[in-house]
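Below you'll find the structures, each written out as structure tokens.
Common to both upcoming complexes is chain A, partnered first by chain B, then by chain C.
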Partner chain A sequence: MENSNTGTVIIAGGGITGIRSALELANSGFKVYLVEKAPAIGGTFSQLSSAYPDDKPAFCRFAPDINAVYRHPNIKIITNAEISRVKGEAGNFEVKVVKNPLRVNENCTACGDCMRVCPIKPYDTFNEGLILRTAIDIHNSTAYPFLYNIEKETPICVETCPVHINIRKYIGLIAEGKFLEALKVIRERNPLPAICGRVCNHPCEDACNRGKIDQPVAIDALKRFVADYELKLRKEGKSFLPKPPEKSKHIKVAVVGAGPAGLTVAHDLALKGYDCTIYEAAPVPGGMLWLGIPEYRLPRDIIEVEVDYIKHLGVDIKLNTPINKDFTIDDLFKKGYKAVFLGIGAHKGLKLRVPGEDDYEGFLDCVVFLRRVNLGDKSKPGKKVIVIGGGNSAIDSARTALRLGSDEVYILYRRSRKEMPANPWEVEEAEREGVKIHYLAAPVKILGSNGKVTGMLCTKMRLGKLDASGRRRPIPVEGSEFEVEADCIIPAISQRPDISFLHEGHGLEISRWDSFVIDKNGATNRPGIFAGGDDVTGPATVIEAIAAGHTAADSMDRYLS
Partner chain B sequence: MCSGRIDPSLIMEAFVNGADGVFCGGCLLGECRYISGNYQAQGKILLTQLALKRAGISPERLTIKFMSSAEAQKFVKYVSEFMDKIIELGRIGKAENLSENELKLKLEAVRNALEGKKLRWVVGKRTEFMESGNLYNEIFTAHEIERMFKEVVMDEVDLQEILLRLKNKPSSVKELSEKMRLPSHRILREIANLKKMGLVELEDVSGSSPLWKTVDE
Partner chain C sequence: MEEKLRIGVFVCNCGTNIGGFLDVPEVAEYSKTLPGVVYVKENLFTCSESGVNEIKEGIKNNNLNRVVVAACTPLTHEPTFRAACEEAGLNPYLFEFVNIREQCSWVHKNEREEATQKAKDLVRMGVARASKLEPKDRITAGVIPSALVIGGGISGLSAALSLANRGFKVKLIEKEKKLGGLVKSLYKIYPENINAEEYINQKINEVKKNKNINVFTSTEIKNVGGYIGNYKVKAENDKGNELNFDIGVIIVATGAKTLSPEGLFSYDGKKVIDMLQLEDKLKNDGISQYKNFVMILCAGSRNNERVYCSRICCMSAIKNALLIKEKNPESKIFILYRDLQAYGTTNEETLRRAKINGIRFVNYSLNKLPEVEDNTVRVYNEILGKELLIPADLIILATPLVAPEDNENLSKKLKVTLDENGFYLEAHIKLRPLDFSTNGIYVCGTAHWPASTEESTTQALGAAARSSIHLEKKYVMVEPIVSSVYYEDECRGCGLCASLCPSNAIEMVETPKGVKAKVIEVACRGCGICGASCYRHAIRMNHFSDEQIKAQIRAFLEE
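And then the complex of A and B:
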């Protein structure tokens, strides 16, 4: 054997190609890791009943190779494992391999009795579902030694849900009429069920297998139903809030921002016995839930009820108390808080970067506009309103403007309907309400006279190749400029965290998108300071903020104990 | 004898030996001397009824009634009601439109299914699954358990019937499907399963269809 090569090679896939390459590479001196998703190597090929002209089972010819791989000193086989992340560059890769359990321990002698009595029979995917197999099974009958394993799947809805609520369980409980128990299951992972039941973008329903037959299970609506049911009982005095947990840890924790991420952190930590205080700059709790989402989508009394639930757990929410240059994060530590969570959200609208956007009155960012409306100013923004953007905040702004009495509301989006990030049902409802949406159009210049907006110069767009976000990049069509009249323009083209509240020398690592940089546990570079939600990811969904809150709360608990 | 002690296979023994109906009497629910004996009896009767139904035999031939030992009138009422029911149903097999051999085979299949380890384990795990959950602490709802339970019973009865038929005579999937009045894809599935378990093997090929027989122990 010639050992001229050094280094390590990882091969993903233990089929015939993987095995042959592993042998060749190992023979030329590399150290080889063979990663296979199934419990045994060999792949589909070794299981075929005839793959050669002489009609012998493929395994007869292939077995020596498999044997050689097993015995080769330079090959390490990792079965039942998947590559979850690859980092680095050629010559210096860092690969993360996740190994799945076999769920059968090493005492197995492969007698096969378990298979004969196994009552659970899923479809046999190797035979394209034509026959059934047993839940405990030998994955590959050509493997030596026989490897029995139990394949266990997490339901697709539970896996898709960012906070992994046990959806299967609570839907089952609802089917049995055990509504309060179902709510308890939801509350294990989601502290804001009534809110999520109304505004969640429910990725679980998009993934639901039932959707392939007719319609997905109405997971979100069911969640809303149980949350409302409990609320009704509580109002009638038939159900009561649980006993608040004792603040047994005697450790003070501060949360900045009472949005979904901050509320989740406070909720989780309060249940673990910490003394939590939320500092909120706005006069209302809920963050974007209150300031961004219009009332027709999320009634304010629902937010109040959910916040009251969290307050009831012993969380103190200080409204109108911004953290700023006078009252800094460091002051929080001085006041005795042992850890701080930053959940300030993304409340600063991005600039359009077209000429004239700062020059005229009537040009209003969607965050400013929605905040104004949601805090009680119900004056109409203008007679003819143009909203720029295709996200949920654009749709919210447009529908709100229409409801406030604007005569005509247009949405301008530079891609086509398919690429719109807004929830499709929201877009449909907006159209039905009378919002006119123009696709493939983008602003070029804001027009105005006497200091007021009079209209906008736009250009038509066409779609080019896919960009980094996986959507087709819009390209302006030359010479297609046209003018639209308007007395109010509302850009809704994404937001960024407003980090102007940070004092000098705060020492936090900030990305070029003004967001906080955190590790996988939600911790920032400063010990004791954690972050999560929109101020890390940029504008995202409620459920993702809750997921970030859970992660941060867990690692804060580990940090503090 | 405590009604909780009645094994489903005992009930099936009576049917195999020609009984037209089996009446099971137990103490009032909630008044069991052994805490849960009559609840277990109820569960076992339900299981047996399910298996009988799958084999095409009227589940009404089996019943369980609860009464205290001082309630003679109730006992008389229940027994005469049951007798009327059985007289109305007629002789076992006749009402179900089954020949003597077929009936015997079906009843034996049900008996074998109920005697086997598989159903016993499933029944035994039932309460555990609903109360404390499985190994991964996943608690199943009654709805899910019920659905799974029914599927397992149906599957096991079919499986035992196929085994009995193949023991008598090697047959093809098509023949089995005709005799058992089940779609052939279901039979094929069971045969594939049995082959994997090492319980049946290929005997011969007649025309283009393979004939299967059971493996001798």
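And then the complex of A and C:
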């Protein structure tokens, strides 16, 4: 009891409840820390006009308390701050408080000139978004003392990035010439910076506010620059890989598939001290990065360098080692792996479902075609090639065919250019290279003779109302059929995961699109088995696969500890 | 020798709140011409840190001995500016606040010139008063580290235990023979459905075992004298023994009682009973012979006679209906209500459970009250727009909690106020919800207003925490804005002031010159009633003296 008034109390929340509790405790002799998330104390009560039942101006009722709190020698107010961690037990807590910067220093004389000239006008949250405020302002103009601050939201680019790289931070560091520090910031969320710097679809740039004025900040190119900069230093012997982490957890984890999702999982878990092994069926690492993306877009040495970085962290990558009916997922558990991540991608092309598809030679799925090329077969697919589809794989296939010596390459897409899912810059480059694109055209029938493809009967399309995908639905125009001559047809109309490797009684829940069903933590229905990337979502982007990898790695860590 | 006046005037623009509606530079310029003024400063926001620093520097650099701030309301900012003066080495009571916002710029938004003129008048008056201000010291007094808890129900027991566990001595006075209060008559306590008797007995045992608590049952308060930190309480037990306590703080936990249902809905105590009788029947397995139950809510409340909602009846009815269902699943229960109070997750969930279990809710209105007939209740259902005849073997009236008549008596002894329903009234519903306006006395539980066990306990713990501040500190400090018998010779000892004082702050004492009034400064709240009522003008209000106010009036008329 004697020590009762030497204690320290932390109060989370500076609304009326927090303020009153602080005063009561401080008056009893306790030392009080009042932690408030907003830049000023007062909470909802200070937002009210008048308070029931006496209808006095709410703030005038409340102001004496706010004043008393500010002036009380036993109370320390920490605004713009949040409690991030609590350790210990009653009587002996250790609390970590993270204080956000006000971005206005103590020289401020509260003259208010900054507010008058500030061009940024976000919604005023203190006034429930009914009016606009300025980016620099006083959170609560009735609070004491006046606290000017700049409240910053998460920038739109960071918000949009699937892995939420702190883009603003790394670009700021690049601007200051701190290239290696910038790369470190990128690596916190993206283990494949050089790859993403080349092939990312960079939704961040689409969202970039600067784009509304002239053009977006070249976020992706800057990422590529710092990754290449480090690579150059490394080659010159001026920079070194970081010390690999110790496998301190002594827990073995298996990853199936060395694509971006699998590599991310292995990367994250290796850093956390797990012993990770990646099982890859192909003779090369990278999954679709290597097998799907043409070399002209993503040089193979870049993939090798990034994979080397992950290997350097202690990850063992077993190439040419498929998981199949002879060496099953269950066998992995028998070998002592405590958790398994399935990142097998989506490598099975979908059928066109038009007559003649299975009848003639010269029919080549884009996945098969690109894989063949990327593994070294440089023979041209045909003289006249038709690629069907509007995604990046279609463009990749068409450009690759052209580069392998095909005379004419057509792309057939059933919507208009606006609806094309491929990156617009890819489409532009393909056209410049000589790929001819037929928009609003769809296959009707495959034509052939003597067992070989000779061409395709197509129909013109028009766009109707929006469909479930949010794009306008293509409708065939009657009587508009036309023929295109070709000796090779490459369908590139989407892919599915190839789940034929699963043994009987695998017990995993599979969707009707052959993808794995996971919860929001990346866990499948079988304890210890996680999945993510294209084998869950269907064909998607590298950065989305990396995001799925992070999610799965985090929950695998939670599952294993 | 009297010090030469060196007055500093600070005129605030309050951003545009003042500066937008009157000419602040002109007011500032005018202030320089006033007698005694040696320094004038115009601020954008006087209350901002920079403004406060300007006051401090103004005092130090110009040897100011009076400070006038012309800004907003003292309610919010007087403490700030007083503190600024104090930090600069000036006695904080040599500060004068002139309100040119609420009392000028805000009410004269369209009359810039007139507003400027009025602001000048107000500043001139403020400067005149400031010249008459006197330095004052804050008043402190010791606190006897013991508490008196009046009432031994769940609130009183909880408050006493809380204080005792912090190491303070507690006297617990209960006028009944036994501790426990209303909870003792309950069957089970909502929402956990714990056994009420076991629960309260456990509390009683804890209290009895606690060495810091002295329990006095069958004891009533006779007289309360003294003031915060130093109350003298006289009590008497049923044997006629007088008890005297020296007490620092007092907690009122006298509770409430249920309204007698006599005369309501054909109440007979047999077929038509009240909720407490039902609790008793539930306790003693006395419901098995009944099949059809009808509960009538708001029986005797929310009408012209008793306008308030008793707050606890809805949930206790639903709780008991569920308990009946538990004991006798075949029973049919109708709850006739006007409005249902089932706020919060737990209550909503319980209500839902009651509906799932087949308990029927029928809405009636005050205009068409249900009528109790032989084995039926006739009720007009507002929602159906039809009259229903409900079979009834047992009719239960949910009567409200009402304030005991004793409150009148005890409140006078404590000099605290009651509300229009006879419950104890707090000092301020938001700012000081557990305090009385008399310092050092607190209220909790159903003495305050109808409350559930949970709410009563919460309030009890709050009142204990509030009161322990003084016990912990061991002293109280009050503003020196109090009255004093300044012209003692004029006092004739009539006692009018003492009887009118709402804070018990004046006592009549024997002096060599006869009976004289004496102000207990620590208890005085500075209201001024004594000064205004003293026909001999013997009493003077410190900090609002006649000289100061007269100077202000003269300054106003001067122009």
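Going forward, the second predicted complex is superposed on the first by the 409 of 561 C-alpha atoms of A that agree within 3 Å, B and C clash if a C-alpha of one lies under 4 Å from a C-alpha of the other, contacts with A are read in each partner's own complex, and residues count from 1 in each chain.
Throughout what follows, a contact is a pair of C-beta atoms (placed from the backbone, for glycine too) under 8 Å apart; a residue touches a chain by one contact, two chains touch by 3 or more.
It should be emphasised that the depicted structure is a prediction, and the values quoted were computed from it without experimental measurement.
Look at A:172: by the touch rule set out above, it reaches chain B but stays clear of chain C.
In the superposition on chain A, contact is made by A:120 with chain B only, not with chain C. Once the two complexes are laid over each other on the shared chain, residue contacts for A:67 go to chain C alone; chain B is not touched.
When the two complexes are overlaid on their common chain A, residue A:132 makes contact with chain B while staying clear of chain C.
In the superposition on chain A, contact is made by A:112 with both chain B and chain C.
Of the two partner chains placed around the shared chain by superposition, chain C is the only one that A:24 touches, whereas chain B remains out of contact. More residues of chain A lie in contact with C than with the other chain of the pair chain B and chain C.
The residues of chain A shared by its contacts with chain B and with chain C are 112.
The residues of chain C lying in touch with chain A in their complex are 15, 44-45, 47-52, 73, 75-77, 79-80, 83, 166-167, 429-431, 465-466, 468-469, 472-473. Chain A meets chain C in the complex at residues 1, 4-5, 16, 24, 27-29, 51, 53-54, 60-61, 63-65, 67-68, 71, 109-112, 141, 144-146. Residue ranges of chain A in contact with chain B, taken from their complex: 112, 115-121, 127, 130-134, 152, 166, 169, 172-173, 175-176. If you check the complex, the residues on chain B that touch chain A are 116-119, 121-122, 136, 138-144, 148, 152, 155-156, 185, 188-189, 192-193, 196-199.
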